[in-house]
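Okay, so subunit A shows up in both of these, paired with subunit B first and subunit C after.
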Partner chain A sequence: MSNTSENPKPSSSSAKMTLKTSDNELFEVEEAVAMKFCTVKQYFEDEKDSDVAARGSTTVIPLPNVHSAVLATLISYGKKLPQSNAVADNHEEEETKKKERKKYEQGLLKNLMPGELLDLISAANYLDFKEGLEFFNQALADHIQNKSVEYVRKFFGIKNDYEPHEEEKYREEYAWAFEGVDED
Partner chain B sequence: MDGESSWINHCLDETVREFGEFDSFSELNDEGNTEATAVSVDLILPDDLLERILAYLPIASIFRAGSVCKRWHEIVSSNRFLWNFSHVLTQKPWYFMFTSCDESTSYAYDPTLRKWYGFELPNIKPDCFIASSCGLVGFMDNDSRSELYVCNPITKCFKKLVEPPGLKFSDYSALAISVDRISHVYTITVVKSKQVPGNFFQWDIAIHIYDSETRMWTTPLTEVFGGWRGGDESVICDGVLYFLIYSTGNGAPENRHGLIAYNLSSRFSHSLLNRSFIPVPCPLTCGRLMNLKGKLVMVGGIGKQDRADIIKGIGIWLLNGREWQEIARMPHKYFQGFGEFDDVFASSGTDDLIYIQSYGAPALLVFDMNQKQWRWSLKCPVTKRFPLQLFSGFCFEPRLEIAP
Partner chain C sequence: MQHQNQPHFSADAPTTPCAGPTVTFSSAAADHKRGKKRGSYNCGRCGLPKKGHNCHTSITTTTTTDTTTATTTSSPIINTPTSRADSSASLSSTRPPPPRQPYTHFRRALSFDDDVRAGFPEPEPEVEEEEQEEEDFGYPSMDPEPGALPASCLWEILRRLPPVGLLSAARVSKSWRETSKRLWKAAEELRLRVPARAQVGFVGSVLQKCPGLVRLSLRMESDLDATMLACIAFSCPNLEFMEILKSDTAINRINGDELGRFVADKRCLKSLKMEGCSNLGGFVLCSSSLSTLWLSDLYSLSKMVFNCPNLKEISLEFYRQENDSTDLTTMVDGLGRNCLRLQNIHIASVRLSHSVVLALTAANLRGLRMLSLVLGSEITDASVAAIASSYPNLELLDLSGSSISDSGIGMICNVFPETLSRLLLALCPNVTSSGIQFATAQLPLLELMDCGMTICDPNSQNGIPDESSDWELRNTANHLIYQKLIIKHGRLKKLSLWGCSGLDALYLNCPELNDLNLNSCKNLHPERLLLQCSKLESVHASGCQELLIGAVESQVSNDFPAVENVLPCKRLADGSKRVRVPHFLSAQSCDDDKKRRRVERRHCNVLVS
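Right after this comes the complex of A and B.
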């Protein structure tokens, strides 16, 4: 995953903002993308109100809860979303873009370690990045959907606090739900 | 309430996947690396976030999630989770298959996880009238045709309803149910047909409606149909009751079937046959009605022009207003297994899926309305034991939060 910020093609209307991660990395991001992180948007609007100088480029927005590796992925995902200020595409272009996005999403998930999903979800939640949160929530659910209970406990670092007989009773009652899970 | 009977059997699982269908993420990336993440992130994920993740899970996984730890159990049993869960996604419907053999277990097919579960629904017999909507299944016995129950097959919650009015012994009955997803209020309709004594041509038709809020039956319409009778196919879509009618005369093949559309809130009380008749799109040998996302869909056997009781194909139509739009025809390679004669398949569907099952075999065909794709389900664990063994079934949406 790239840690460096990317340089988008200069365009007349794209202001940029700088985001600073917990490990002191700086990311220069187009405003349109950064605004998808509602926490950033709120911060930016608050700053604007309190009359800080020039838009975006001189303001560095601190994100003390987000590591650079995680932010890079979220920014990358945010860029691939349909931009709200983009010119409306015709149906064909829309379909092509949809397909590209699907392909990108699959590639993204393939290269992720399952554990990284949790970081991405936490960060997306902190940033109030709705589309990212939905996507990674679904990805995590898909990942665990056919896993055993033991796997899920290990994955989330959860201690089983059931008594053996309690657990036994539950498993008997819903036996059908416990068979045929993926091997750990 | 008879909810205590043990519905659950040892499940047979099939983890073999057909046709290389992959959940690419979990298949390819699982090289035991998760030990590295044995950090106590249970603290990091707040309840509301965990709820949102779990809400994406299919039903079986939700049950497993409840056994992870007590906190998770609380979360998935909470009213808030069930409320949100009911709004996040509709679940793909399961198909419950009856086998007419007493010794064998019945099974339910889960298309999301592609698994058959050993699943018992002890009070529902194969010859019952069955209707389902949004997680609830209504069923009526075939003997007296007046014992009516509503249940949630997943939570095993049952309720017996007060008897429908009207003739106890009608010749034909059609059952339908419609559940409001938000309020959980449901409507049940029974369309009864009885031949007027001594008259081959005329039939007494009555529509009875049950409202779960008032817990009462009303009979807004009784009418005598000339030349037509009701049968056992009906469904409610978006407040309109549709039921198939059958010609009692010897009309042309394309006129042997017809459809009636009765708006449940209109409550006009006469001339149903004249006002609300919709002809069928082609000579049908049999039709099955279903509600797919509020639209009426019919799966029908297409009859040969000269021999209308012989099926030459199976088609799927959607009703737009009063016009039929053909959605798909079963490709020949699938149709081959279905046999030739008239009434050979069961079919039901909801949401995006249509299930079609030949009476003669436990094979289950699935049509996805969204992707316009046909595929066989995973092979059912049941095998045919004797030549005349019949299989049938129905589909229902598995839901946790709804109770009769």
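Right after this comes the complex of A and C.
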């Protein structure tokens, strides 16, 4: 929680902030994007409350729970979202941006390793990045929704704490609803 | 084959039209038999052919036998959970009441959907959860295993799973079961597909997990009987909205007594929609809470009594058989006496007649705003006169399949110009293009106009039943063949001219027009088409000539400045204006284009099947 500078800077919409990850990497991020991480925003606002004006690229916000690779993905996702301080687009531009975003999202998911998804969600949760959480949670739900129970356990690293007879009971109870499960 | 007719109702403001009807006629010439040969109509929501299609904007059709939950949910369909999570216990407008019903046969590609609904696709099996109070809600507190997700994340993930996925998740571990149990308890809405081999007990066990259920939608692929109904009644004490959809192979065995008992017992039931009601036989429905009732595939009902004083919307679709012995007049009479709060009425039956209309107009339904009486070829201009005199404030009038003529339209335009925003006159063989033009000229609030199959070439097989190949008749009927339509309207948003094979020329100057349906306008001449509709988003043109499709495409891709066209026009004796369409009908590029404000054009899709 250290402020390295006490110079008040005039507010500007292209102000940048620096985020430091658990592996000591520094990321310079535009304020508009960084504000989507509510944890960062909260940190920022707390700083503003105090007398020290901590604006500008000289402040470094530590994120000890987030690894650089994960933060990189979250930042690039955040950039694609509609910016709250952007000039209101007219309808056409909005449409094109939406399409771009969809393409980006699909590309992102395709290249993602399933394990990385968990990390992304944890990080997004820590950062309180609502849109990211929404997106990645949905992606994860889509991914597991037709997988076998074993797969899900392995994926999340969960131990099966059922007795065999309990498990069998549950399996039979709803067998009627299942009509085919993805290959693991 | 059962055909589905979809009422027009929207719970929202009447200016937002909703699900379009499907109209099939056993009496109309060969149309419905050839339905499959026509261009398949596209669902307005997802753009896919409507045949055998379940509009959930997911890709599968329920008519295929190997529908698995895998395929239906493979396309990630998000039901904007954020908005739902933020709203309070009551479901927000993300769930507007009229759902899409499966279409199975010949149908019109008219969609009257709100934009709202289009933005909230309804995937097949999905549990939607509502958290009662977002802030106070405590996620199940349990120590997460090291490295596992925090409880709140698990909740968020599980809640996005379809019902089947959630059932499966319970088997992963005990803590997951805990979370999923809580999710079920919090569930207020459930849409479940019941596969063919499922038994009542199984569905019951699912329903018992969610006692807080307010909205239930079941897609039955197995038969529906009273046991299931009783199971629902027992498991869902707070049920307010119930919908039962039916696949083609499933049978709905519920009889009138059982239905009556269900409705009477469920004191909070507000909305009931059921398909496949051919075994009802007759019923007495008593409910003070019921405000919406949709029953389809009704057949030969001995009596229908509606003791529902708060009923606002009713849709009754009768099975298309000539020997249906239901006494519609008595039924409507009863409706008029008991359900004085009715606002929206939709009745589809080939037995509709003038006496039924008279029974309706004799009632004092002060709130009536939407009236749809379709398939009744015995409805005539006299019926229109009666309707117009008793209910002058209609916002939607649908007399598709009736025998009304241009003078009936004249009456409509006399009485309803200040309120009517939707007029549907599909398959009305006695209406001509002049009538349609008159309507569009005289009804300033019109937003939706459906003239499907109305301007037909009587000599082609797609025409009116009277298929005389008499030479003289063909000559005198020439005026029916080469009809032209000139429509200039400031508010019209949707226009359907599907199947208007008698249409030869079309000129549209409608700056608000979003959707134009020209499916099967076989004789529309590519050089006699002028579209000046800057907001046009989709044009349906399946079954049209290649050249026409090309003409449409070139017209919609040009930038049309808002042109105030000064066309030569001529006043006729009856006071109407005849506007002469200019000879060259091509995109007009004005020199002072640059001076005009650049009209923003959305990309317009030309949909060919």
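Operating definition for what follows: the second predicted complex is superposed on the first by the 167 of 184 C-alpha atoms of A that agree within 3 Å, B and C clash if a C-alpha of one lies under 4 Å from a C-alpha of the other, contacts with A are read in each partner's own complex, and residues count from 1 in each chain.
Here is the rule we go by: a residue touches a chain if its C-beta (ideal position, glycine included) is under 8 Å from a C-beta of that chain, and two chains touch if they have at least 3 such contacts.
Here the structure is a predicted model, which means the values were calculated and not measured.
In this superposed model built on subunit A, subunit B and subunit C take up the same space, so to speak, and clash.
In the superposition on chain A, contact of A:112 is made with subunit B only, not with subunit C. By the touch criterion stated above, A:92 is placed in contact with subunit C alone, subunit B being left untouched. Contacts of A:130 after superposition: subunit C is touched, whereas subunit B is not reached.
In the superposition on chain A, A:42 makes contact with neither subunit B nor subunit C.
When the two structures are aligned on the shared chain, A:160 is found in touch with subunit B and with subunit C.
Across the superposed pair, subunit B and subunit C both touch subunit A at residues 118, 121-122, 125, 133, 137-142, 144-146, 149, 152-153, 156-162, 167, 170-171, 173-174, 176-182. Within the complex, the subunit A residues that touch subunit B are 106, 109-110, 112-115, 118, 121-122, 125, 133, 137-149, 151-162, 167, 170-182. On the subunit B side of its complex with subunit A, the touching residues are 8-15, 23-26, 28-30, 33-42, 44-46, 49, 52-61, 63-72, 108, 113, 115, 117-119.
Here subunit A touches subunit C in the complex through residues 90-92, 95, 118, 121-122, 125, 130, 133-134, 137-142, 144-146, 149, 152-153, 156-162, 167, 170-171, 173-174, 176-182, going by the rule given at the top. Put simply, subunit C touches subunit A in their complex at residues 67-70, 73-74, 76, 78, 81-82, 145, 147-150, 152-153, 156-158, 160-165, 167-174, 176, 195, 197-199, 202, 205-206, 600, 602-603.
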